[in-house]
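Okay, handing you the structure first.
Naming follows writing order (A, B, C and D), and every chain is counted from residue 1.
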Amino acid sequence: MSGNTWGRLFRVTTFGESHGRALGAVIDGCPPGIPLSEEDIQQDLERRRPGKHRGESPRKEPDRVEILSGVFEGLTLGTPIALVIWNKDPRPSAYEPLKDVFRPGHGDWSYYWKYGRRDWRGGGRASGRETVARVAAGAVARKVLATYGIEVRAYTVALGGIRAEKWDPAEAERNHLFCPDPEAYERMCARIEEARREGDSLGGVVEIRATGVPPGLGEPVFDKLDAELAKALMGIGAVKGVEIGAGFAAAEKRGSENNDPLTPEGFLSNNAGGVLAGISSGQEIICRVAVKPIPSIAKEQKTINERGEPVTIRIGGRHDVSAIPRIVPVCEAMVRLVLTDFLLRQLALKAFRTHEPLP
Amino acid sequence: MSGNTWGRLFRVTTFGESHGRALGAVIDGCPPGIPLSEEDIQQDLERRRPGKHRGESPRKEPDRVEILSGVFEGLTLGTPIALVIWNKDPRPSAYEPLKDVFRPGHGDWSYYWKYGRRDWRGGGRASGRETVARVAAGAVARKVLATYGIEVRAYTVALGGIRAEKWDPAEAERNHLFCPDPEAYERMCARIEEARREGDSLGGVVEIRATGVPPGLGEPVFDKLDAELAKALMGIGAVKGVEIGAGFAAAEKRGSENNDPLTPEGFLSNNAGGVLAGISSGQEIICRVAVKPIPSIAKEQKTINERGEPVTIRIGGRHDVSAIPRIVPVCEAMVRLVLTDFLLRQLALKAFRTHEPLP
Amino acid sequence: MSGNTWGRLFRVTTFGESHGRALGAVIDGCPPGIPLSEEDIQQDLERRRPGKHRGESPRKEPDRVEILSGVFEGLTLGTPIALVIWNKDPRPSAYEPLKDVFRPGHGDWSYYWKYGRRDWRGGGRASGRETVARVAAGAVARKVLATYGIEVRAYTVALGGIRAEKWDPAEAERNHLFCPDPEAYERMCARIEEARREGDSLGGVVEIRATGVPPGLGEPVFDKLDAELAKALMGIGAVKGVEIGAGFAAAEKRGSENNDPLTPEGFLSNNAGGVLAGISSGQEIICRVAVKPIPSIAKEQKTINERGEPVTIRIGGRHDVSAIPRIVPVCEAMVRLVLTDFLLRQLALKAFRTHEPLP
Amino acid sequence: MSGNTWGRLFRVTTFGESHGRALGAVIDGCPPGIPLSEEDIQQDLERRRPGKHRGESPRKEPDRVEILSGVFEGLTLGTPIALVIWNKDPRPSAYEPLKDVFRPGHGDWSYYWKYGRRDWRGGGRASGRETVARVAAGAVARKVLATYGIEVRAYTVALGGIRAEKWDPAEAERNHLFCPDPEAYERMCARIEEARREGDSLGGVVEIRATGVPPGLGEPVFDKLDAELAKALMGIGAVKGVEIGAGFAAAEKRGSENNDPLTPEGFLSNNAGGVLAGISSGQEIICRVAVKPIPSIAKEQKTINERGEPVTIRIGGRHDVSAIPRIVPVCEAMVRLVLTDFLLRQLALKAFRTHEPLP
């Protein structure tokens, strides 16, 4: 019951099924006076748009966003900003043959048991398409954060077992996988092509970095900054792991290696990933997420249908080989939602401490 | 501002600083009629108690819990259950020498910037001692879950780089590290001893398993079961990574390997870790967390004080070599809080579907 | 920041300004399997529709609702239900002359100080038009409540100082003021006509009754049923007072008069209004709200503009003489939102007590 | 399930039954650096203390508060502030004779149906004694508000049908009923004495005024300032009605009378009670609540027991004749909780607008 809202002061509620009429988001708590246009949001949707590259579904999604409320004369009002993206290219009939089958690795099974019924048209609410609303909402958060000089970027650091070894952020903006290593990028492309031929799919690792984050964001003890980042990122469909800073590697380090020494000039390392005791330290925030291979594959798979009978399926249709790169802007969006909410929460505290005059 | 409450229907609020008068929790939303005694909670506190083994701080913490409200004639009332654990052995003076120093890897720095002031007595609210209240609250959740046959257990699967290779849950209950592999346990003990001699500390990996979880728990899209688990676990002080099922290993798999085939007899594997599209599948829930080495070490470290001057410190006092094993029951407690809340949320939905009569 | 969401399990978020592109609501947490069509919602919008009677604004608002998500094959999915109502007849230019003037009794002044800017087109978010989204969401709640036999109806019991003396619910459905007393109705109509001629406006009292409410709804101590009803109703723009059962009259009674005696056949009176200690008693829920006269009047008024200069205004345009009767279905909607949320919350508790099997 | 927490940024959770071991509150989100001592809180508890005057229960409640956490060196830390008040004088045996009887006007009946069991010792959680925790928490809010010059005071403006006609706030601090009219006070005392002799009880009206509230507090559309005030006040046990400003009288006014004209020197009247469109206007906030006569009376009453059998009861024991004056500081406390939360929420917005530097 009711898990589609994010945030405390900056609150986002999303809606929409994969093949329904529309998807969208309502952003409540966006401060007033911020310039915001449909074009601002469109930019981020473009970053997420599939169909332009090899390895991605050929589905044509123009995905034009419309702002229905909350913006007046080009500026936010402080009232809820409703965004809608219409589904212009639904082909639910493609899913008819699988309508009573539980596709392995999909939410078909768990939705069925939870709700007693499900939208079989391409996954419905459990489809990756749901994330288009997150990206749209994230674009609003991006504008809020920009006021404070906070920027968030995500990168593909591994795909199909190939790891990026170089760190060239500018390169990541040039290639379609957002990979910071041009050589790794070429090998990733080849790996994708290979997987496509085999009718299989690939996973990978995305790294998200937030710069300009002031110290003090995050709320102990349950609503720690890293805790909310973990929730935000793990809540993206294909994500199966989240780490902050050194992450799982920290588990093998000694304290003397893992502690980040402080000097008058700043920290000498960033194993903490910019978060100390759940509160931002002022260093760059660094997280990584494990993205599983997408479960819809053309290879033959065993499963059962709603009557419990064994069946064999091959999933055709327009599916990506990997959730990467489309998940990259989704990761950015989710981190932005987290940071925006904590920014506003910390501003309340800071304003009280400095006795900000009202009104 | 206000991040010390967990949950929507089953809500836990904790309080207390490391060397203040007391720590505790208020559990709001516990159903009525559940047998609950201080002894029930004490059991779980004992599991977390330090000082009985090598590798752990010699601090004697009797940690007796008192139930202040919410229980009448041995049964819960449905009203808030307040639990208090008095700090009987505070030695804040031990922290005086470091009172204006930012200890590396600790929250001293980030708390300072967030709040403008901090409790320097052993970390205050940022201390690992805070988790005693989580464990106490988790014991109440354990009783709620038991009604539905749901059990949660955590295990040390790696410590200081040594990995458990065998899986013997009974063994984990016998040794003080909750390690399911007796040989690995011996090597872990030796590694702890070695680190202690060097004045250093160790990290590790804890695996949490929940059995008896029915399909249907978790709420799309932001409040997914795995998302809340990630938040719950990442919010534990020393945790730097969380993974579900195959986790980061899934990032290197192909879809054909990673999908768990369904048969009339059930799933053939559990790479999903019991969660599909954010909703429990009925399989065992499996998560792992990366625990960083605790930052308080006897080795010399460089840092700065509140005036920005470089200083060199050695942290003496009663510190554990590793957050393991004390973190093990904390992980169990947090997973229990998540499952209890989702159990009640799903019961609302199920009761409506079956038209449960009221009153 | 972010006050546009209602409810814990059954959650409604609304959006939209008076003269923006659209208004709407997202309902998150509606159980699956409930028949729901646009026509179901349209019915309630019709109840609220102005322009068909004397005393109301002649603005033609077709107010057609569209369901964008959450319904599949005629049944709710359990996923968020997004509703949109397009603004088809905006005439913002009518408001240009007053764009920098603070209309007395309106939110112009307080919005200005809160946000630093405001949508002057007909009140923007502070317009009574906002309530169309509440009514749409309330229609969904109506369907949920119907499953449990719970019905909510509101009545005009006073208008412009004229009180209904008779109680004929069927009559209330026949006349355009939802007044249960046919004679009072006639006098109310005359009073409206008189006020219109004078360029003035009228207030009144609406009574809301909920039948079929089982005992046990409401959560002590802050989220009491009557507390949430008070919030829900006081949050409607024109409402300045809320009372439950005997209400303010109870303040003048003695305990021996005000207590409702219990007999084996039930309660002998209902001064409590169906709520005891914040929990429904199984009796009819009865609340009343005081509705202020709408502040937009044609009579000359003194006020100031944004530069602090005194100005004299007459507010023309299409304004109702009274918020009654349009507020009647809004009151019904808000009470429905409250009851639906508490119904689901109590179902969780009851299901646990009866050990409802999962899945 | 879980209705014992108040607020979004400034969050209060209370616990405790009438005759359990203790009552208390956890305040989460109090800003750091505020001087706070047990004596500060004690002051407010004294205001609420019974037993010193005619018309009130002779129960001796020293009601000493203890601060368990969140304060260090005399200043708040920003961490949760836990407060405990021990029940030192429980006499549950006095309630034994009524343990299976539903006392009219009490929560016995509704708690029974909700939870299936109840604490019969003096009402348990449904007792008015629960409010001691609210008052303690409200004292912390008082300190926060004082930083911004906001003050809240409540007054008895009617009791047993006698209305205060004069407005002398200083007088209200001198007499034990907080009545601003010395003559009315004398008559109220006589009325109380009379009711006591008759074994009956009395209701009344309390008016709460908040001064120094800046414009801009409150969040449209559901979390309006008046909506939250209504919830806060209606959630006090004995309250059956809440009104803001002109309240129910507004229902009989014309718009031309009810609108508060604005001039360069400010508003000319305050029918709005300081709230316009749910946001504070900068005028004094004025609310009134209807307090029902307390249901425990010595007069004979008819009711039933848990077996549905008719019984006749007289409630002896130490009961007040009226919830007034003890409810007066409770009303103050609740209004303070509301204002503090909104103050912090608005500070977040204002700080963003003025680009408050971080950290």
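To be clear about the criterion, a residue touches a chain if its C-beta (ideal position, glycine included) is under 8 Å from a C-beta of that chain, and two chains touch if they have at least 3 such contacts.
A quick map from chain label to UniProt name: A, B, C, D = Chorismate synthase.
The model shown is predicted, which means the values in this text are computed figures rather than measured ones.
Novice: Which contact partners do chain A (Chorismate synthase) and chain B (Chorismate synthase) have in common?
Specialist: The common neighbours are C, D.
Novice: Could you work out which chain's C-alpha centre is the most distant one from the centre of chain D (Chorismate synthase)?
Specialist: Most distant chain from chain D (Chorismate synthase): A.
Novice: Whole-Å distance, chain A (Chorismate synthase) centre to chain D (Chorismate synthase) centre, using C-alpha means?
Specialist: Roughly 45 Å, centre to centre.
Novice: Need the CA-centroid distance for the pair chain A (Chorismate synthase) / chain C (Chorismate synthase), whole Å please.
Specialist: The answer is 37 Å.
Novice: Quick check on chain D (Chorismate synthase): which residues sit in contact with 2+ other chains?
Specialist: 1-5, 8-9, 14, 31-33, 78-79, 113-116, 125, 214-216, 220, 282, 344-346, 348-349, 353, 359 - these are the residues of chain D (Chorismate synthase) that touch more than one other chain.
Novice: Touching chain A (Chorismate synthase) in the complex: which residues of chain D (Chorismate synthase)?
Specialist: Listed in rising order, the residues of chain D (Chorismate synthase) that touch chain A (Chorismate synthase) are 8-9, 31-33, 78-79, 144, 147-148, 214-216, 220, 282, 343-356, 358-359.
Novice: Could you please specify the touching residues of chain B (Chorismate synthase) with respect to chain A (Chorismate synthase) in the complex?
Specialist: 1-6, 14, 102, 104-107, 109-111, 113-116, 123, 125-126, 130, 158, 160-161, 195, 198, 200-205, 214-224, 226-235, 237, 240-264, 268, 271-273, 275-282, 290-297, 299, 301-304, 308-310, 345-346, 348-349, 353
Novice: Residues of chain C (Chorismate synthase) touching chain A (Chorismate synthase) in their complex?
Specialist: 1-5, 7-11, 13-17, 20-24, 26, 28-29, 31-33, 66-70, 72, 75, 77-82, 84, 113-119, 121, 124-125, 344, 359
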